[in-house]
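Alright, structures below, take your time with them.
The following pair of complexes shares a single chain, chain A, combined with chain B in the former and chain C in the latter.
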Partner chain A sequence: MRDTPLSNCERDFLLKAIEEKKRLDGRQTYDYRNIKITFGTDYGCCFVDLGKTRVMAQVSCELVTPKESRPNEGIMFFNLELSPMASPAFELGRSSELLVKLNRQLERCLRNSKCIDTESLCVVSGEKVWQIRVDVHMLNHDGNLMDATSIAAIAALSHFKRPDVGIQGDEVTVYSAQERDPIALSIYHMPICVSFSFFQQGTYLLVDPCEREERVMDGLLMIAMNKHREICSIQSSGGIMLLKEQVLRCSTIASVKVSEITDLIAKALENDKKARKEGRKCGFAESMPQERITALKNLETTVEMTDLTKQASDIVEGVETPAEMALSPVVPAPGVGQVGAGLQNAWGLEDEEDDEDEEEEEEEDGDEPEVTIVAEKRGNKKKGERPVVIISDSEEEEVVILNPESS
Partner chain B sequence: MEVCSSDGFNFNVTLREFGCEQSLLSRPDGSSSFIQGDTSVLAAVYGPAEVKVSKEIYDRATLEVVIQTKVGLPSVKERSQEQCVRETCEASLLSSLHPRSSLTLILQVLHNDGSLLSCFLNAACMAFMDAGLPMSCLFCGVTCAIAMDGQVITDPTATQEKESRALLTFAIDSTEQKVLMSSTKGSFSVHELQECIAISQKASEKIFQFYRESVQRRYSKTL
Partner chain C sequence: MESCLKIKVGAVLLPGDVFTFIKTDTISLTDTLKDEKIICGPGLRRNGDDVVVCKSGVLRHKNPNLYWVDSQQRRYVPVKGESVIGIVTTKSGDVFKVDVGGSEQASLSYLAFEGATKRNRPNVQVGDLVYAQFLIANKDMEPELVCIDSSGRANGLGVFGAGGLLFKVSLGLVRRLLTPQNEILKDLEKLYPCELVLGMNGRLWVRAATVQKTLIVANLLESSENMTAQQRRTLFKRVADGNL
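Let's look at the complex of A and B:
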């Protein structure tokens, strides 16, 4: 599937509007879209809505052997996926430039900045350490995937709790969530990415570009920063040339935005913690907006089942029992073997009998009548006296059966 | 969740609380999220759209189903679920109205707490309705689990699925309550199979009623 190409008049309109300091959705130059952060039912699942851009991050952990060069440090693994759901241009399995860029930026932002204490993830030095795996899925692409991804990833890492581990001598016991409370990761700081898009060779700047604006931009500057005003990474792409003052101005804007976003994440985590402590249900189901006309919820319902067992029994009894199966193979004459003699011919039958014992997964597709149909008796093929069954459709007038010489 | 005994005539089984939201994503042509208890799934449909020449069919639309789990790469299990969903959709979509086009259905697991395959089917049907794709009938998925003592549970949670002796999922169509697809795991008798099919058909009525109500609500302002 290909994305619809951008028309020239759309491009001209966008650029002209940007020159007049106007944006398509009415924002100001430095305004972010509405950010909404929700958490899933289990620890480590986070949904971020940046305007219409939607991203989901899931953190999971596993015990693995550590890298040889760092035997007492845990491993962080990032996996970003451009789901075909997010945009018709994304194809599954195709490693595009955008995917590599986003993956690399996420790694730089979170791993190289050492925001997570990896030494606390060590269980047995040199043998077992925790591998923390962050999977980010793009659900809807309306521009600025990187910012949404970094917010989702760091919020999910802050939300995640790993299982408790006990070490007694040589034995390592991993306790489940019911046995011992899981432990949160130790996070030093929260790096957040802020994207700046440049137009007309760096003359005009916009923060948090939407999808249309991204298509007409000349270059992108991504600054990852934490709330202590420390820059974790800077990346400029698109080949634009920026002045020193521009970059410094962007970093000042970024520090303001980052502190706002960090407050938002902290508030969302607080709310979630409070809700869980009160025992309220949390998750995607709860965060579904009720008042919208496109959403509907039904409470637990019972299904009336009077007479259903009787109906089922009737159906089962109505089916005729299949013909007796002969032990196979049958040897009617020396040198001749026969398998499946005297059975009903089931080939080419649309109706099927339902008396198979399913031990493994089975699939039946196509429109089948729901209850099983009585299997038609096709017992007209009495093989009777003949020792050998003729299976061929030969159009020869005479069929000669060569019998072996009776010994 | 209540269970039903297999030798009484008057008994009830329950379906968990379910909810649905349509058109929640702006890029896909149709999207929906379907929630059954704690299991939630997001479905997105693109189509009819351009298809690669290698995949085009001269008289029908090419349907592609992609299932994505939260963690890790898709395995054989996801592929087999994709096949189940694809075959149900092919049976109900009027794909001959869009020859040489592609219809893509993408399903994303948001949380798995049992009855995942039936949640996929329900989300897929709502997404097709949201996209406005022509269908000959609606379909829904119902999962039944047979516990070790023979009790039948509909819409089981993950713990109930693990403790069950058999797990059966049926896709039922809306016009004649026929079984479009069945996917089973475990061993069960003939009688139990027929009972589960009958139970699924009865339960599907509730789900179709829910579809009607949500579409009615959706278009209440315009119609």
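Let's look at the complex of A and C:
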């Protein structure tokens, strides 16, 4: 099936909105969408939701003969699948440019950075080593597949436990999970990819582009970094020319984002470990809210399925953000207009609309600080005026495992 | 049969539910057996003497005898006579190919515009939005669109779209927005002045005075799909208050 073409008016509107520093869902320039990490029942299965982009990673292991050149190191194998479920533009079986690019970037990010200790995967040098295989499936494509993939892959690797192995002389025994506890992989650091999209020949920059923003972007810069501020890989595609200061600024932003995301993954792993220890049911099925209408399902007005107050309030809060951007500490004086505000409103309302333009102008000045932290704090201050927690704020709080309602 | 349909109005039905004609329910000695006539709308299909539900959703009723199932589908199937928003993808010879969100691209002849002749071609570029009506739409032929009505006038159809935002919603929401005197549009009118084009293929186009307002209206419409009337009113009120 062919993908919907992008119309001229959408492209113009998106570019105009980006010039005014507005995004379609009300985020700020450096904001990530809401990230949610859940783990499956098996060790090594991880689902990551980045807004509406959804990705699943599964890690498995197998004993194989090692490579000739490296007889005492384990092997890591990465496999990405773009299924047509994710987007009508993806066709099954066809190896598209995007797939190759994502595969290469994931390999560079995780294998070349040596984030996993491959020597610990050796069982018998020269004969048997563990091959760790990471399969990533795209379940829904709403932009920024690379970031979601890297988060899913590294979270799945951190979650994975391989079977224990005993060596007695020449005999190698692989113990099953019931006989001996499986062992986690030894991970040195967690490299995470952060994507920056550039518009208008590098003038405007957005972090975590959604699918429509990706369609109108000029170029993409992907920086893979870990929380110790070590860059694992940088890739620039699209042929845009970037200045040195821009790249340095992007790496500063990336380091902030990566540390937040790493904390998120650590918290998710912690929650999952606790749930398993306490013997609670864990896994993908448990993490889906029960008897509750989520954004994926559709809401009927007169249906007996209830408890939509939480979801509705989430939606309300999520939609609130665009209106919020109009808030400002400046109190508009009545009757104050703006040159070039546009249409005369014929609806008989007061001059609120004119004042809103003015407030927006004042706010945009505050959006260009050198360091991201200041921008986020300012954003928090604006939003802190309201008692409501905004979902699309960059706090990136998530719920790992939603406990089923005690029924 | 009408009585058993009437009971279920407002209930959720699933595909496969059957309503049968109960011929000899109660034979009254005084009344004559009346012929019942029911008009089946979308989601209901006649199968011999039964009416079978083929889409999941809520059963609705309109007097005197019209029944249909309100479902929240997002995939559009072209139907003759519906007005949709299409995106022009190619210009080939005398015909434009327009994507309407269905399984096939529809064709739009360049003569099907108001005032178009062989010498005077309409100004339509690839990537433009057109608001057009289906002339032919069945499962055996390629769908055809026209931007002109039977008397030759444009009547609101044609190319449009500079400066606005196009976004996608479910078909049910568009149908709700198209009912006369509907609540959502009434609430929206009180908020901002804006231009709105509703395509029955689930595509909406919005333009308001500023980019910010356009985004607000687009987000409000997308979210009003899943909200009850009360929640929607609260939300609109909060947005209106938030401007001050």
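Methods note: the second predicted complex is superposed on the first by the 292 of 407 C-alpha atoms of A that agree within 3 Å, B and C clash if a C-alpha of one lies under 4 Å from a C-alpha of the other, contacts with A are read in each partner's own complex, and residues count from 1 in each chain.
Just so it is clear, contacts are C-beta pairs under 8 Å (C-beta built on N, C-alpha and C of every residue); 3 or more make two chains touch, one makes a residue touch a chain.
What you see is a predicted model, and the numbers here were worked out from it, not measured in a lab.
Where does A:K16 make contact in the superposed view: on chain B (first), on chain C (second), on both, or on neither?
So A:K16 only meets chain C here.
According to the stated criteria, A:P84 is in contact with first (chain B), second (chain C), both, or neither; which is it?
First partner only, chain B.
So, does A:Q168 touch the first partner chain B, the second partner chain C, both, or neither?
neither
Touch test for A:S69: chain B only (first), chain C only (second), both, or neither?
After superposing on A, A:S69 lies clear of both chain B and chain C.
Give the label of whichever partner, chain B or chain C, reaches more residues of chain A.
Between chain B and chain C, the winner on chain A residue contacts is B.
Using the superposition on chain A described above, determine whether A:S176 touches chain B (first), chain C (second), both, or neither.
Touch partners of A:S176: none, neither chain B nor chain C.
Is A:N140 touching anything from chain B or chain C once the two structures are fitted on A? First, second, both or neither.
After superposition on chain A, A:N140 lies in contact with chain B alone.
Does any part of chain A touch chain B in one structure and chain C in the other, and if so which residues?
Residues 1-2, 293, 295, 298-304, 308, 311-312, 315-316, 355, 357 of chain A touch both chain B and chain C.
Going by the contact rule at the top, pick out the chain A residues touching chain C in the complex.
These residues of chain A touch chain C: 1-2, 4-13, 16-17, 20, 22, 24-26, 293, 295, 298-304, 308, 311-312, 315-316, 318-320, 322-327, 332, 341-343, 345-347, 352-353, 355-357, 360.
Can you check the complex and tell me which residues of chain C touch chain A?
So the residues of chain C in touch with chain A come to 10-12, 57-58, 72, 87, 89, 99, 101, 103, 125, 127-129, 161-166, 170, 172, 189-190, 192-193, 205, 209-216, 218-220, 222-223, 225-228, 231, 234-235, 238-239, 242-244.
State the interface residues of chain B toward chain A in the complex, per the touch definition above.
Within the complex, chain B touches chain A at residues 1-2, 4, 6-28, 31, 33, 35, 37-38, 40, 42, 44, 46, 49-50, 66, 68, 70-72, 80, 83-84, 87-88, 91, 102, 104, 106, 108, 110-111, 113, 154, 176-191, 193-195, 197-199, 201-203, 205-206, 210, 213-214, 217-218, 220-221.
Provide the residue numbers of chain A that touch chain B in the complex, in ascending order.
1-2, 40-42, 45, 52, 54, 56, 58, 60, 81, 83-88, 92, 133, 135, 137, 139-142, 283-285, 288-289, 292-313, 315-316, 354-355, 357-359, 361-372
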